[in-house]
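Here's a structure for you.
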Amino acid sequence: MRETRYIRAIAEALHEEMARDEDVFVVGEDVGGPGGAFSATKGLMEAYGERRVRDTPISESAIIGLAIGAAAEGLRPVAEVMFADFLTVCMDQLVNQMAKTRYMFGGMYTLPVVVRAPGGAGLNAGPQHSQSLEAWFAHVPGLKVVSPATPYDAKGLLKSSIRDDNPVIFLEHKALYGSKGEIPDEEYLVPLGKADVKRIGKDVTVVAASRMVHEALDAAKDLSKDGIEAEVIDLRTITPLDRETIFTSVEKTSRLVVAHEAVKAFGIGAEISAMVTEEMLDHLDAPVLRVGAPFVPVPFNLERYYLPNARDIAAAVRRVMEY
Amino acid sequence: MRETRYIRAIAEALHEEMARDEDVFVVGEDVGGPGGAFSATKGLMEAYGERRVRDTPISESAIIGLAIGAAAEGLRPVAEVMFADFLTVCMDQLVNQMAKTRYMFGGMYTLPVVVRAPGGAGLNAGPQHSQSLEAWFAHVPGLKVVSPATPYDAKGLLKSSIRDDNPVIFLEHKALYGSKGEIPDEEYLVPLGKADVKRIGKDVTVVAASRMVHEALDAAKDLSKDGIEAEVIDLRTITPLDRETIFTSVEKTSRLVVAHEAVKAFGIGAEISAMVTEEMLDHLDAPVLRVGAPFVPVPFNLERYYLPNARDIAAAVRRVMEY
Amino acid sequence: MVNKEELLRLLYLMVKVRRVEECLVDIFSQGKIPGFIHVGIGQEAVSAGVCSCLRERDVVFTTHRGHGQALAKGIDLNRFMAEIYGRRDGFCKGKAGSMHIASREAGVAGSNGIVGGGLPIAVGNAFAAQYRNEDRVTVCFFGDGASNEGTFHESLNLAALWNLPVVFCCENNGWAQFTPQKVYMKLQNISKRAESYGMIGVTVDGDDVLMVREEAEKAVERAIRGMGPTLLECKTHRWLGHYVGDPQKYRTTEEVEEVRKFDPIIRFQKYLLENKHVDRQYLDGLEAGIKMEIEEALAFAENSPIAPAEELFTDVYA
Amino acid sequence: MVNKEELLRLLYLMVKVRRVEECLVDIFSQGKIPGFIHVGIGQEAVSAGVCSCLRERDVVFTTHRGHGQALAKGIDLNRFMAEIYGRRDGFCKGKAGSMHIASREAGVAGSNGIVGGGLPIAVGNAFAAQYRNEDRVTVCFFGDGASNEGTFHESLNLAALWNLPVVFCCENNGWAQFTPQKVYMKLQNISKRAESYGMIGVTVDGDDVLMVREEAEKAVERAIRGMGPTLLECKTHRWLGHYVGDPQKYRTTEEVEEVRKFDPIIRFQKYLLENKHVDRQYLDGLEAGIKMEIEEALAFAENSPIAPAEELFTDVYA
């Protein structure tokens, strides 16, 4: 084991998969030279050359279309979109093309595309560079949506995503890029579609994704002082959603809080809440509470009021405990 | 009162608002001559001329950008996007620009834009011409989302949307265009943000939107034969969501089914279910059930299996009644 | 020079495309086909001219008005027809319909319901050929209207930059749905836009199949030789409405009649007759053969079962 | 011809923009400004040349590298600075920051964080002027990199088609973030792309403020007279990295030094000195005045309160 930053874990995954499979290539803006805006692809150009590391014009629709067309022919593109907010610029290619190609053509095509994009606030990057849009993509059949919270998961999930034969929207969190964590020296994969119990607890389940996993863990530590033992589940993959891990935990705890950074209204927390109450209403000792951002764009200057945090999660947990 | 088709009701709203206010103009592909793909804008060119009825190249981003820029200067554009699926092509303009302009610039701008787009399946138009995407827009602060089910509401809501000082995504349902309903001869408005109880009942609440309102009403008729009296609420506006009308009804019935045509997973039903269980768990005699499309794209040939219908709603209601 | 065998093949393709589409208009009007369809009657010289110089392994991306493009590329008529009927034996199990027909074997990568949506994907297809050093070319069809979408710009720019083996074929029929070209763009020749990308652009009379063929051959040659993409604009005429059933109130009956004088088939037949490549009897024989082909395809399609409900859930994920 | 008063104003604008941005680099490096900022040091002649021929009621759309554009258009420096600090007295109450500064009074419609995102909106602004028959012009700034986005194509096409009173000003600094122009496009002169839309395109030396001014005047004139839009490309140089703090590993120290020889301010000062429009003392006085302006603005910004938490919830809906 060794300590690695989240961004380096991603870079490692790319390096390893490119070394393993000649069909894997990387495409995006500035992905050569300095390795993209956040240096996730640093070193790839030196290692694999211009053929497999493709710097493009600023044309996100062309980037995604390129990936789709190449993947349909059997290549395994990893496309980078510099900020998740820019996925809007190529939304047709992602949703009407990439997600539907296989179905629309009756299974004729297989599309092993990974689209990497960093989302999330926390860097004062303003309303057009800070959004968390996973709920949109989770609503689109044909896509898988992945959202790692730790370096370990980032590396293992990215490798699995590259090997997966389906289009994957791989949502990194830019405020986590510098965060550190242990990863094994030997190769490993983290399977898609499996949530991870990041902390075992018996009193309440907290389901979280991406950066909110860390806030949930902080909250859990705090709650523990008051004798409340929260089980923290890191979704890791949004679709396919790991219903089982969630159900199993809630069966034990009978209480659920869901936390994500995206706007609370119509976010993924709604689906998880609805799903759990649908299936196990009588099991619940309290309403499912959701923690998410308020219904406002991400302000440049007021992020500290905007971002949901450990305190909010702890407060929600206390409310369900006291219910 | 007189009987009018949904599509004519929309055309009437446009006519009346253009007559009333010189700042209202219509822009989109083919909106002149034959009045767009579905003839919603028919007759406007004759009545208001080329200055106020603007046929554009096939360039949806330019259309929405045009609307934003013009609205910021005080005009009141009504932009048509031919199918709701094509909103993906101009998603940046809708989400990063239109929705955020007011907030981002600290209230400097007011954007009275209406973007009309027909969604929904039922015409065998295939996966790229049949989607229901309201959940995406409902997740975006700064937008209002409207979705009428009847000619009466279509006209009244469109007029209100045009007069509203905020960007409105106005989602029509193309399979409803030919449907008929009564509308008054005199002018009227239907306010945004107010759901409508389309049928009064005491046993169960069915919240529905757009075409599913009619399926819910059919289901209610059927259920009534078995002595189950369903209250059917037509959301009409998705954001702002009329929480009060929903809560009031569920307080009475203690049972809730939510029906929409969009894919069930991560759809608007999730938000409504989560919201209701959050606030009134102890009031519920059964889990909130959701009726929506399966997690697959809309097939060309298998729509009859794909589309949620009155039978599905009735079945869900029976399940909550028997719970 | 196009040899006699090839001349006859061009004729065959054009007549076949015409008759198939006439048949589609017919059966659609009878309510046998669900959804809506777009036909390119009058535009056959473009598909035939371009696709006839492609090999099986070359790939075409077609449009919503793409029956001709797919047929000229050699897609199997039976399964094509079954797809339009939405039946299980269609190329896409009936999930696609007229607007999204594809066949891997025939090198028809599939048509798109999003105007301009296929362009970036075609670039990706050509990229794969270059990446793997495959000797093949990609052709991407699109309309005059589509040349105003942002994807047109991004796709041609990228293809030119990377010198990809692709031909962008603009089937310019002068209309985008109900709106004539002059209303929605200032330029007349869309091929002019090639210069924005440092690409070669050519405009030809798209109703003259031999001219289309000639320029297409050059473009394909350039692509395969690593000399980069071409924007080939073929000016042609849309005889019918935008979709089958379109009452065409936006043009006069005279205009609708007028365009028929450009008939690329009559024109080509005249050429072949004058040059004694064929005689009337040959033409009759050809028509008869195509008629039987189509009847067979209709029977195949109509006998093909409707996909079962379970098919709703397949093919979403690999 | 530009009269003396205007010459001096050009100098003032350029020096002011330079000094403000130098100051921003400084205070950003001291950690006083949240987020990230992009400066256009070395590109001042473009903003000054273009904006100096605009009237108050004319409107500019700026970019992420838009401080110079906003300042040259006459935005108030105090509230500009407060915005960059994210303070309540900023033009946008601090919600916008460096990347989205706007001011209605000054005719700065706001800058955009989405490359190419402002182009369609600028077209809408010009449309409103035409719709209401207002005597004003819209200028939309964007970068060389942005000219590859689909929105560039759609926007210029529509503006040309409708003959809208807008000038598209491409501030071509040869770089899109970390990638030089030659890597991401084949064309050298972006103004060439104007032809795709039947629009006039011009390329000028963007480090020569008088040439920029001359061509900008003509373009503005055309726009106002109903002669339609212009694509005005100004070739200039980005001295620093993409964002402040960018280590610029993608270019050599020589290259970084090299570009400074194009200094538009030194060049213009030389011209003014040679032609005896100014002397050294004047230049010193100007610098001193600007320094004080900036100090005042810094004090204003730093004394401006941070917006209260309630501001989070305002301005979402009208």
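By letter and in written order, the chains are A, B, C and D; residue numbering begins at 1 in each of them.
In the analysis below, contacts are C-beta pairs under 8 Å (C-beta built on N, C-alpha and C of every residue); 3 or more make two chains touch, one makes a residue touch a chain.
Everything quoted here is computed from the prediction, not taken from an experiment.
Between chain C and chain D, the least number of touch steps comes to 1.
Greatest centre-to-centre distance from chain C is found for D, with centres as Cα means. One simple way to say how far apart two chains are is to compare their mean CA positions; for chain A and chain D this gives 36 Å. Mean C-alpha positions place chain A and chain B at a centre distance of 30 Å. A straight line joining the Cα centres of chain B and chain D is 41 Å long. In chain B, the residues that reach two or more other chains under the touch definition are 56-57, 59, 61, 85-86, 89, 92, 96, 103-104, 126-128, 141-142, 294-297, 299.
Residues of chain C in contact with at least two other chains: 94-96, 100, 112-114, 117, 148-151, 153-154, 157, 161, 184-185, 316. Taken chain by chain, the contacts link every pair, so each chain touches all the others.
The residues of chain A lying in touch with chain C in their complex are 25, 51, 56-57, 59, 61-62, 64-75, 77, 92-93, 96-97, 101-108, 110-112, 141-142, 144, 165-166.
Contact residues of chain D toward chain B in the complex are 90-96, 100, 102-104, 109-110, 112-114, 117, 119-129, 131-132, 150-151, 153-155, 157-158, 161-162, 314-318.
Partner chain D is touched in their complex by these residues of chain A: 29-30, 32-34, 37, 55-59, 61, 85-86, 89, 123-129, 294-297, 299-302, 305-306.
Interface residues of chain D, counted against chain A in their complex, comprise 34-36, 86-87, 94-97, 99-100, 112-117, 145-146, 148-150, 176-179, 183-185, 249-250, 306-307, 309, 311-313, 316.
Taken in their complex, chain B has these residues touching chain A: 85-86, 88-89, 91-92, 94-96, 99-100, 103-104, 126-128, 135-136, 138-142, 239, 241, 262-263, 265-271, 273-275, 277-279, 281, 284, 286-290, 294-297, 299.
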